[in-house]
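Pasting the structures in now, so scroll down.
Note that subunit A is present in both complexes that follow, paired respectively with subunit B and with subunit C.
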Partner chain A sequence: MNFSVTTSPTSSLQPTMAALPVPDIELSPLPQADGSCQYTCPTSRTTVLTAVNGPIEVRAKDEQPNNATVEVIVKPGIGVGGVRETRLSTILQQTLTSLILTAHHPRTLIQITAQILQSEDHTNLSLLISPLLNCAIFSLLLAGVPLRTTAWSVHLAVLPSDDEQTRDDEMQTDDTSVHSANIVRNPNKAQLSRASSSHVLAFSKEGEMLLIESLDCSEGVGGRSADGQGWDLDEWLSISDEAQKLCCQDGVAVIREVLARQKIF
Partner chain B sequence: MPKEPETSLAEKTFVLEALKQNLRVDGRELHAFRDVQLIFGDDYGFVDVRLGKTRVLARISAEVTKPRSDRPFEGLFTISTELGPMASPAFEVGRPSELDHTISRILERSIRRSHALDAESLCIVTAQRVWSIRADVHFLSHDGSLLDASCIAVITALAHFRLPVVTVSGEDITIHDVEERVPVPLSILHWPICVTFSFFGDDENGETMYLLDATAQEEALRAGDMTITVNKNGEICQIAKSGGVAVEAEILMRCARLAAEKVKVIDKMIGDALREDELRRNKGNLDWLKEGRAENDR
Partner chain C sequence: MASSVSAPASIAQNNTPDTSEPPPLTFSTSLFRHISPALYLQRHLLHEPPIRPNGRHPSQHRDFTLTTNSLSHAHGSAVVRTGDTAVVCGIRGEILTLAPGDDHTAFESYHRSHASGTYGRGSRGSGGASWGDLIVSNLEISTGCSKKYPLGPPGSFAQTLSDQIQELIRVSKLVDLTSLRICAQDATPEPSQRPIKGYWSLYIDVLCISLDGNLLDAAWYAIVAALRSLKLPLASWNHLEERIFCDRSSLHPISLRGNLPMVATFILVPVARSSESAGSKGHTHNSDNIILNDPDAFEEDQANETLTILSTSINGEQEKNPRSRTGLLGTKTRIEKIEKIGECKLGNLHLRECLILAVEKSSRFTEALIKEGLDAGNFIV
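And then the complex of A and B:
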């Protein structure tokens, strides 16, 4: 399987990237929480709900003398939380801590609770990270927690260039010859199962990279390089550029639009 | 960890004095439920119940397991409830509160032990393979009556859930995909619904005041509570009254009769909501449902 990704994604990848479906966002669905948000990913139909309480009293063992403690609890839709949820909450905790101005509320707790409501595949982490992160950022904004900046996260999957269904999709766009590899934004389960690699990236409004979760999905499809990686550096860089562009332009636009619609800020 | 804010004396006096004049803070009748809203998800067995500001979500899942050796003909059914900080920061993760235990025990008694779900219908191969049904209850927002809301959520979700069709040939079982064969509803024998009464001592005429569907504020001020679980046939599945103010037998009978009345209304509301959702899913065609019932021979 040969991927030859052009390093100028802006020109070649644009047609597939046209018209980003806007996520379904409900602000403050929970009246009791300080800030809450329900987020439905437009393509994968992953629905998550997050609530933020804070700054509140902190347990003595978690208290930090100069900073607020950020706690993230992820609860699965089915069953009890396990290793997967702990991993998710660690990823979220690290990413969000870098955004929150924790020094503004020392010796307190900022508690972020996330509930996965619906997901096509609740065992697949990469489908969940980006909805959870975007949803948590809205909740933090609504709770009035001081943030350094806002951020946005996207999930990109690379489909093999000989993928039939992608080719069908592409027929609808005018320009089909340029694509040698196909990047799908916020893929659903079916697309992800055909993908050779999947990448969740988060960028702040200023374009600073906050999160990289790149996964090789080539099991079953057959990895293409000797070391079993589903991507090479050029490809990854083009994905990173694409993600940065999406987060800093479309993501920021979505945040601005959603908040303006609600006349909150 | 943070506690629920305590009700101030002024607030307490206001609510109790108003009650003596048959008035509630939210303007409801003493024995009126808040509007129940049922929202179904894309998947079967996903129900979001909203009762005023209270919001409870139930999700049903099924997997094939080995039955218990002492009950080889019966499938498994578990209800999992956990109050997390999403409902209120006063609820801690991994440290169940008293309310947590009360809810899980009463739900267990109301639904599981009243045999609302026919456990024998979940058997696939005797002593080898049975369905294990799991109901996850998520409490999203707490404004009183969590128990009533979660009972409605579990029952509605069970009635909404569809089990994949299984064919057995000798030792082998095949679980058919949802696309391949139309999944069948669970066999539910009756719909028990919990109704919680909150008692507030005596009014001026010496009659015990009791409320239905109390808000979090009313729950914090009540002198006692009692949960009656009734199905639409008027059969009482359980009564739970742990502590609190003493209640006369006559009041208790009145409560039971009122509960049976309320349950009929809720039962009808659930049935209507389920039918509406079914119509939405099947674009107005309900004929397939008649063939897909679990009670029929397959």
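And then the complex of A and C:
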């Protein structure tokens, strides 16, 4: 992927990344599943494995007369699944359902199982959503599940403008705008802990907004010191534009490249 | 709707058989609602002006009533009712004694990154709260509050909401965590210099007693109101017994944010306009989706796109002048969280519109708080 990373290449927490890394994608690692994929985020090193089975027989209580039922199961990297995994699977389920042409396989089940293999912070939803979503889309493509379109998801973190490491970098980018200079794509845990806000966004190939998970994640004791945190709508729109550009150009290019490499489509 | 009701069936049956057209299939409005709920909702929204089956305008939220301190055993509580959705929120403080050597900074920060591995491991608790969180929230959907959620362990809906609420508390940083300190009563004049002996940890429990859609907003309002009404007993460190003692007779509030962040939820409902009406009015792609503010349960079932905005509107002169909406949006409204799940029909224009509605709704809630005597001015500690 043609990322130009604005983060510190000298940071001790990550290897030098001059040319930006394509996510590590292994297609069909699981021979028994209809479609499977293992995905490693290039910068945050979050690794997930997803498998898709479908269309298969659906439990009677979940059967829908006109549509396929989409089920997403998320298995955590540590311990047993809890409230957070349930939330994660709800987010993925609703996002993927809007991509799948469920009317093509009525009264069936499309089951997506996701296993988090590695993550810097297993409790942080925003580090997990984007790899899981991208990985699940590859699995769906490999399983031959009819999709309306493909999509891609990125995680952007906005660092405060006075952030030391950003200033030290003085990265030479074409873009001189203040906002984009402080946006980190697919941040790792260390970058995210310095960030003021975190945005997980997913766009379809056509540029439709599929998913927004934007939140303020600045550190603080709260109370009155937190007054005035957050962002303006215009700031957010510029972030969303950036994400849209990334998803629709680079993301789609990655999908195309990975599938072409495997001579699948 | 007028369009859905035609001539009664009896008249249709009495028609002479020589009419070439078969008698139209007719049924009552309430039957229409059950047979084809999606179409029923669409017909309402296609009406000019659009009106929802519950009689509200698409951008109109339900009015709410707020009662605080109705639970005698909780330190703070609130009951919020919006339409047919009613929630109770009770907050209880419990004392957390620090062991010698505990790093108290771990407790006093939202979104801290755990430096050591042990915190990271410990944070994988079974609930939504992570290790060291002084505020623990939980949401329960009581049996019988809705037909959709039968008896049993919390389903994915309750779990998702519970986690969302925990996230809202973390993101909004509503409570000043330093105000939960329990310090030793030293001779040190500076209160910030006193050694910290423990903390108040707050257990926020939300119980939904009646569910008619948009539980998240009601739950959040109940939490905010309950936190405002929260009064903790005065806790102090006793040197002789080396324990923390509480004085029930003197109560104190905790300090919250000055600008209360408020949640507003919207759904997007697709409206399939017939081709001629869409052509004549020149509707764009966007206008084929209608935003419904504060959806009820029936509308929620029909929607597959949900938008939740957490925002603060900073009280100032702009607030008094409703004309300067755009100015209000540009400078005075801060978004702290946006969550949008499902489908892909939301445009930037929708977002702007929703933000204006969210500001309106939150100012309405602030009014309700002031009416309860819980306005911000009373609670500066």
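Note that in this section the second predicted complex is superposed on the first by the 225 of 265 C-alpha atoms of A that agree within 3 Å, B and C clash if a C-alpha of one lies under 4 Å from a C-alpha of the other, contacts with A are read in each partner's own complex, and residues count from 1 in each chain.
One rule holds for everything that comes next: a residue touches a chain if its C-beta (ideal position, glycine included) is under 8 Å from a C-beta of that chain, and two chains touch if they have at least 3 such contacts.
In this text the structure is predicted, and so the values were computed from the model without any measurement.
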Three-chain arrangement built on subunit A, subunit B and subunit C clash or fit: fit
Partner chain in contact with A:86 - subunit B first, subunit C second, else both or neither: second
Subunit B versus subunit C as contact partner of A:211, first or second or both or neither: second
First (subunit B), second (subunit C), both or neither touched by A:94: second
Which superposed partner A:237 touches (first subunit B, second subunit C, both, neither): second
Which of subunit B and subunit C A:65 touches, first, second, both or neither: neither
Partner chain in contact with A:189 - subunit B first, subunit C second, else both or neither: second
More subunit A residues in contact - subunit B or subunit C: C
Which of subunit B and subunit C A:121 touches, first, second, both or neither: second
Contacts of A:78 with subunit B and subunit C, given as first, second, both or neither: both
Lowest inter-chain C-alpha distance for subunit C and subunit B in the superposed arrangement, angstrom: 5
Where subunit A meets both subunit C and subunit B, residue numbers: 78-80
Parts of subunit C lying in touch with subunit A, wherever the complex brings them together: 108-113, 120-121, 123-128, 130, 156, 159-160, 162-164, 167, 171-179, 255-259, 304-305, 307, 311-312, 314, 329-331, 333-348, 351-352, 355
Partner subunit A, residues of subunit B touching it in the complex: 1-2, 41-43, 46, 48, 53, 55, 57, 59, 61, 80, 82, 84-89, 93, 134, 136, 138, 140-143
Subunit A - residues contacting subunit C, complex: 76, 78-80, 82-84, 86-87, 89-91, 94-95, 97-98, 121-123, 125, 189-190, 192-193, 204, 208-234, 236-237, 240
Subunit B partner contacts - residues on subunit A that touch it in the complex: 29-33, 45, 47, 49, 51, 53, 56-57, 59, 73, 75, 77-80, 111, 113, 115, 117-118
